[in-house]
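The structure is given below, and queries will be raised subsequently.
In this document, chain identifiers A, B, C, D and E correspond to the written order of the chains, with residue numbering beginning at 1 in each.
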Amino acid sequence: RQAPEPGKKTVRLGVTQAVDSMNPFLAVRIVSSSIHRWTYGSLTVPDPKTLQPSPDLAESWETSDDKLTWTFKIRAGAKWSDGKPVTAQDAAWTFNTVMTVDAAKQANGPAVENFESVTATDDRTLVIKTRKPQASMLENPIPIVPKHVWEAVGDIGKFENDTYPAVGSGPYIAVEHKKDAYVKLKANPGYWRGAPKIDELHVIFYENPEAANAGLKKGDIDLIGRLAAPQFEALAGDPNIVQWNTQGRRAAYLQLNHGAQTIDNKPVGDGHPALKDPKVRRAIHYAIDKKALADQVVNGLAVPADGSIVPPMYQEFFWKAEGDDLVTHDVAKANEILDDAGYKKGADGIRTMPDGERKLEMRFSIHTDTPVEDKLGQFLTGWFKEIGIALSTRKLDANKFTEETGFTGLFDIAISGWSVNPDPEEVLATHLCSRRPTPSGEGGGTESFYCDPAYEKLYQEQLSELDRPKRAEIIKQMQKRLYTDAPVIALYYPNNLEGYRKDRITSITPIPEDKGILYGGSGYWPFYSLDAVAAPAGSAGGGSGTGLAVGVAAAVVIVGAGGFLLARRRRSVADERE
Amino acid sequence: MSLLELRDVAVTYRVASGEVPAVRGVSLELAAGRALGVAGESGSGKSTLAMALLRLLPKDARVTGEILLDGEDVLTMKWGRLRAVRWASASVVFQGAQHALNPVRRIEDQIAEPLLVHGLATPAAARRKVAELLEQVGLPAWRARSHPHELSGGQRQRVMIAMALACSPRLIIADEPTTALDVMIQAQVLALIRSLIAEHGISLIMISHDLSVLASMCDRLAVMYAGRVVESGPAHEVFRGPRHPYSRALAEAFPTVGDPASRLAPKGLGGDPPDPMRLPGGCSFHPRCPVSLPSCASREVELWPAGESRTAACVHVLSADEKTESTGISVMRPAKEDA
Amino acid sequence: MSITRTRRKAAFSRFWREYRRQRAGLYGAAILVAAVVLALLTPLITDPAGMDVTKATGAKMSAPSLDFPMGTDESGRSILLMVLWGSRVSLLIGFMSALLSMTIGTVMGIAAGHFRGWVSAVLMRITDWFLVLPSLVLALVLAAILGGGTSTIILAIGVTSWASTARLIRAQTLSVEARPYIERSRALGAGHWHIMTRHVLPNVAPLVLANTTLQVASAIVAESTLAFLGADSGDVSWGGLLRGSYDWGAATSGAWWYVLAPGLCIVAVVMAFTLCGRALEAVLNPRLRGVSR
Amino acid sequence: MSLLEARDLHVEFSSRGRRARAVDGVNLQVGEGEIVALVGESGCGKTTLARTLLGLERPTSGSVLYGGAPLSYSSRALKAYRREVQLVLQDPTGSLNPRHTVYEAVAEGPRIHGMPDEEERVASALSRAGLRPPERFLHSYPHELSGGQRQRVVIAGALALDPRVLVADEPVASLDASVRGEILALMLRLRDELGLSALVVTHDLGLAWNIADRVAVMYLGRIVESGPVEQILKSPSHPYTQALLSVLPESPSPVVLGGEPPDPTRIPHGCRFHPRCQVLAAGTAAGAGVDGRCRSQLLPVLSSSADSQVACHYAGARRR
Amino acid sequence: MTVPPDTLSDPEPAAFPAAGPGKERGAHRPVLRYALAKIGGAALSIGMVIVATFFLFRLIPGDPAIAYTRDVPLSPEQLDLLRRQMGLDKPLTQQFLDFVTRTLRLDLGTSYEYKRPVAELIADRVGPTLVLVGTGLVIAVSLGLWQGTRAAWNHGGRFDRFSTGLSLVLWSVPTFWLGLLLLMVFAAGVGPIPGIFPTRGMEDVDAPGGPLYLLHVAHHLVLPCLTLVAVVYAQYLLVMRSSLLDEIGQDYVTTARAKGLRDDEVRRRHAVPNALLPTVTLVFIHIGFVVGGAVSVETVYSWPGLGLLFYEAIKGPDFAVMQGTFMVVCTAVIVMNTLADVAYHVLDPRVRSA
């Protein structure tokens, strides 16, 4: 490694996900969309304090009275990194591409589904017409790309966006990408908010999370986000490392096959009939010790879920079960419910259906290669046994899992979870009737096969409620419905676990600023606000280790070769004998 | 002084189940320019003896006695000296030439190798010498570029002989050079060896279990049985009038075509070959001996004189010649008179 | 025939005498016997309830102590217990896939060696194909396609590892077939079946036996590698334990016992099998017998 | 009268794209109770002929007749045929499966053919082959036997089927001189006692002299001279037979044939022996005026008659 | 997966019966024919790979179109369109033919995950794998052969016992496990041992240019290579050892001694070259094995090669990438083996004229 230039500030971010694409229209992985967030601007960005939309490339905006037309004013001072100004045409071109080119829908297709048209009336005015009112308009995640560069691209679906430095408008410019290895970003000196404090940001890929941890401890990297609990715990005790443990965006829950149906209300799949009974679902809810799960499965680095699919991080929208609503771990209660409902225990301790036909033997579908889900399965199996339900774990690869739990309904209970954006609309929509699979059995994106009139009604109400507190109240009602009817049972909200070296990173602002997320959160704030120790003048930095090692290696080789030659000489004397 | 003299040579192989006395006290002598035949049945220790002459036996063989080559004891030689003696003074034609040649190297290189190793020729000279040697053994010079597998059995045997001649040694040890060969090729090879010793005055030790072959090739003959020499003497005399019952059986086993006595009357020797690890007491041949006496089972036999420069290890020799005193270790004289 | 029995006994004791001289083989056999006996006894000497995470008694990832001689895992279960139960699955996978692989290999090998012409050519082509294919890659593909489960793993390992056996058996068959006694048997009127079962099979059997032990060894390693790469059987196995130690960050958090216990078990048992296999080979394979003079 | 007969038999192998005519037109018959010796140098096709007679090799053309009827190659017919005609191979050690006891080796044939009284049959075969008392050997393994004993076990294995014809391929070649006499004596005895017919394949003329009634000399895939032993071996007419006899160690003036050993993939034109023929080389043939024919004119295939006959232009010319 | 060490010593006779005289003048002809036959065989094998791949991946339950679209909800029309684009509406035979033609045109499909042609993804990752496997193989082979030679020559001696024992232990170690241990000890550092090697990858950001780049990569290569070598070299050692022991027992070695050659000359000129030839073919048969090992090593050390791509594809699962990598790796191994076979054939005169 070359000695870094003295005074240069570099931060190295370790990730355990390889970049799937540098093309923002195609990239779906968190690492890539994060990079795109840092290298391209969007219309709006969540405010670091409130998480509410705030101006980014759009300086200001207004809505028509019918709530169907949005007019954005594009920022005057924003420039592309090649010096050209950012215009409304760039934004219009970007949105229109996503709307019209199938290949470009890959990353953010749903975000424009409701768009009727997008036009730039002049350089600074962007007009978006929607089919239906869209309260989440200001959360639009699509990175806006420079039209003058991208126009020339033939097939967006095949374009790798690999000419560096890539032209962007974000705080950083991508200058190098080695596949399965790293992405190198440089501060954008012409960024309209002002250049970031550091000079370079490196995103370094580790396949092996243990190695990433070792890398952080050793100082090969400065920050890792999205740590698994064990890795996070392993960082304890290092004086130079900050263990950054905050509330997460994610909710982990179970999906119960309560009678999966297609969009035309035809039953599909082979879900266990007992699960159609809300009492059974309720009993199951009682059987689960959420606290134990949070403690054991994620090492206590999670909040047991006394709520539903929106995590408490979003205080505004989070609904907490209280009083009679609250379901606690109570095996006796669970057994009582089941006994009362007529599910009798057999000699083997397994209950049967009230009609005496079928045993309560259920499958628990999880993903392959996910130790946490595996462990979860072990716990559920243990508890369910106590209430007379036999549970067997099935591991499915991601494709099959999506197919069976999303379209074909070939499951009883499945693991599920969702990382929630500052606006929860997206996750709420996953439980709508309209999301159920088509008659031919293809996916609509349901997370539960849920179809509940009350829930539908609430959804429509919140959609057109532009008053934020009121809308939040409706959203809480929806969560309550999910909690009590239990098509899904929230288990816990995993914390967001990160770690960074404080001897390298001197300041970093999470999002939200109060105990928020560093990497993988919305917006670019943490990495824009980042400040680091400059490479000391004259020091070789990490290079000294390299030099040392190379020296050692060379010495070993020389000594080895010498020894070998010597041994040969000696032996050739010994060879006199036979 | 004789070229080669063996004094009470014994070879014992150490194996997992004990010791195998393959050669049990053999004394022989060979004068320069003479040919000595060694016969004996399979497993009687002929090859072992031959390999012992140049200390080529594997590590687990123990050799005792003295092997004097030009008066120098091979067994106590320094390695350097031994290497110098090997091939330059005495060379070997191994039993089974197909295995004794390196399968992946050209025969040219293999023949030239001893010349170069002993510093007897420059590479160019060595190549010329190889061509010459091949001509001598009746192979066209272009064969030098061949690999062993491209040659027939007889040709390989001839390559082996050419190789043995390369350093013009004074002694050639030929271990069953013709056993694996066809009658016709056998005749070719024998004729070749015969002419070579006649032309170059080389001494020869030839091993075979075919008495008639040895009789036609050698001056003197030694017959081995169970690791010992049981009879020795001038080749034709031993072949025509064997004194030891084993030699007799061997000689008789070869039918003479045209001889009415052997027509439709094959002769052989019954009984099993001896197991060197469990040799019978007394005369080791007595269990198979057609003329054994009760005393043979207990009485040690030694090589007793059995006529003019002949010895045989059989009690019947004593009674026939009415010689009672044993001569102890009998040494084979350089047999000038019977050549 | 009782004489036959005494013969057999004599043959066995001769074999045993020879085997005893292979010191490494003896150590290997001792380890193996211990491992197999322990695996068989596990259900009798331990309580499977200790494997239930909801009933685990230990602290998470605690170091070896009197209660937990090999420490505990991420859920506070005794690693000793897990290793014992894991040995059952690992050994089962080892034995079953070796059995599968040896069966395929032996049948293919004998058939390819016995028959001439296109049958042999086709069989050899297939064998060579399987031989050069990266079997781990193929096994992973198979496991991914067939889905998890112990039987899948057995199948994946068995199906991808028989080729070298087939080659070996074929070579041996060819050399047996070249012996005059096959010709003699044929001249006596014997058919293919008779020759393959009476002459070839008994002659290749020792080789098969020796090779099976080696195959078990590689199957155990293969199982752990597959588990590490994400294709596990779902039951507790040594490979699965190693995978667990990796998933739960045992190494970085200093829980060396969690990493070392299953790893060393694998190394020890695989090594034991290998040593036994080599010793068996040395004793039974006449080709190798002369070598270690 | 003839029990086993080869009629104009040709066997070809394709070796590396070339055709090797290993047996190139052979007429030969073995009568009831007759011992015929087939002699010739290495590679002349003796073994191939023997194997073809047993149906182990299919002839390219021509046929094998047994009891006057051509051999059928269906596996059923072959099995039946091999009950009556047996092969004894050259190498006794190799012919016995080292994992089978003597009993199993001898009983293999009866088992294959489902013959009754297996044990008695084995015991009697062993004692007929001179392994007496049979019980002593029943449970031995081949490696515990001497070479001669092994050869007898092989013979016993053939005898256990009560064959009418024995084809013995070099039965003593690998044996010690002291044992070979024993085996040959055994064969003679079997012929006398059981009326066995035999074809003995060998390259050793002394062996033919020892036991055969008739001898056929083979050269490069074809029989070049045949007839009663006394006549052929005492006064051979074919130069090749003469040469073979002359290289016996005790013969006074060996004629060592020069040239490369014959190659069945390139059989010379005219008389197949002419490139090595000492009579032709010495000019004697030219003296008799047959040298041209030797080089170009094919010789007829000898018939299978028992009389003495020779395939040689020179001998033919002299006889006339 | 591993191949047991000793089963490698293939007892098939290398030598063939003597050829008749005068054949060697046309010796180059058989070599050519042999090479052609081998190449034909390899082509057939590759064909088998293609066929097997097609049917193997057809066994996957579920709808490839849905798998391709992942979680993105698509309308039925869009799905139908996609199916038509993927050719799934055609009869199986037609699909097969399409597959074959596409494969022959090096079109290996499009990755589900990356939405890019699989061939391109693979092309990007071939280099690092070649560096790792190539270096590993060279070191393992030379180390194994050298140690094997020494061990066999003084068999039963201390060196023999030590190196055979060590190699057996290493052979019994699962690759990934050894990799993790080495990573923890020498890259992360344990106790007094400093972590002097990098924790990941083939190169870092800001790798130096020029010759220093080689050093930089070499530094990254040390641990992955060490892991691969440790697990692989044992086989070569054991094969070389037993093959040389076979040769030592041969008569021609005695002949060489009888000629007065020194011990090391006997070894260098006769025994080792002869033992080497059969060993080297076995070495090449093992390329497949080494490639398998590379999957584990690349995963542990985040080495950006084919093995990592394959591993990620399995985790995905990205069947298109899996299928493509599988075909490419198999084909490469088959091609390497064929080259080795032909080279061996040219080098060993015994086999050459057979």
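Here is the rule we use: contacts are C-beta pairs under 8 Å (C-beta built on N, C-alpha and C of every residue); 3 or more make two chains touch, one makes a residue touch a chain.
Keep in mind that this is a model prediction, so the values were computed, not measured.
Each step here moves to a touching chain, and the least such steps from chain C to chain D number 1.
Interface comparison, C-E versus A-C: the pair with the greater number of contacting C-beta pairs is C-E. With centres taken as mean C-alpha coordinates, the chain found closest to the middle of all protein C-alpha atoms is E. Computed centre separation for the pair chain A/chain B is 89 angstrom, with centres defined by C-alpha atoms. With centres set at the average Cα position, the gap from chain A to chain C is 43 Å. Per-chain Cα centroids separate chain B from chain E by 53 Å.
Per-chain Cα centroids separate chain A from chain E by 37 Å. Residue positions 210, 214, 217, 369, 397, 400, 576-578 of chain A each touch two or more of the other chains.
The set of chain C residues touching two or more other chains comprises 144, 230-231, 246, 251-252, 293.
For chain B, the set of residues touching two or more other chains reads 152-153. Those residues of chain D whose C-beta lies close enough to touch chain B in the complex are 41-43, 146-149, 176-185, 188, 203-207, 209-211, 229-230, 233-234, 243-245, 247-250, 254, 256-257, 260-261. Residues 51, 54, 56, 83-88, 91-92, 94, 96, 98-105, 113-114, 117-118, 145-147, 149-153, 155-156 of chain B are the ones touching chain E in the complex. On chain E, the positions that touch chain B within their shared complex are 15-21, 23-24, 250-252, 254-262, 265, 269-270, 273-274, 277, 348-350, 353.
Interface residues of chain A facing chain C in the complex, by the touch rule stated above, are 209-210, 213-214, 217, 228, 230-231, 233-234, 292, 296, 299, 368-369, 371, 375, 378-379, 381-383, 393, 395-397, 400. Every residue of chain D that touches chain C in the complex is listed here, in rising order: 51, 54, 56, 75, 78-79, 82-83, 86-87, 89-91, 94-97, 99, 101, 108-109, 112-113, 138-139, 154, 157-158, 161.
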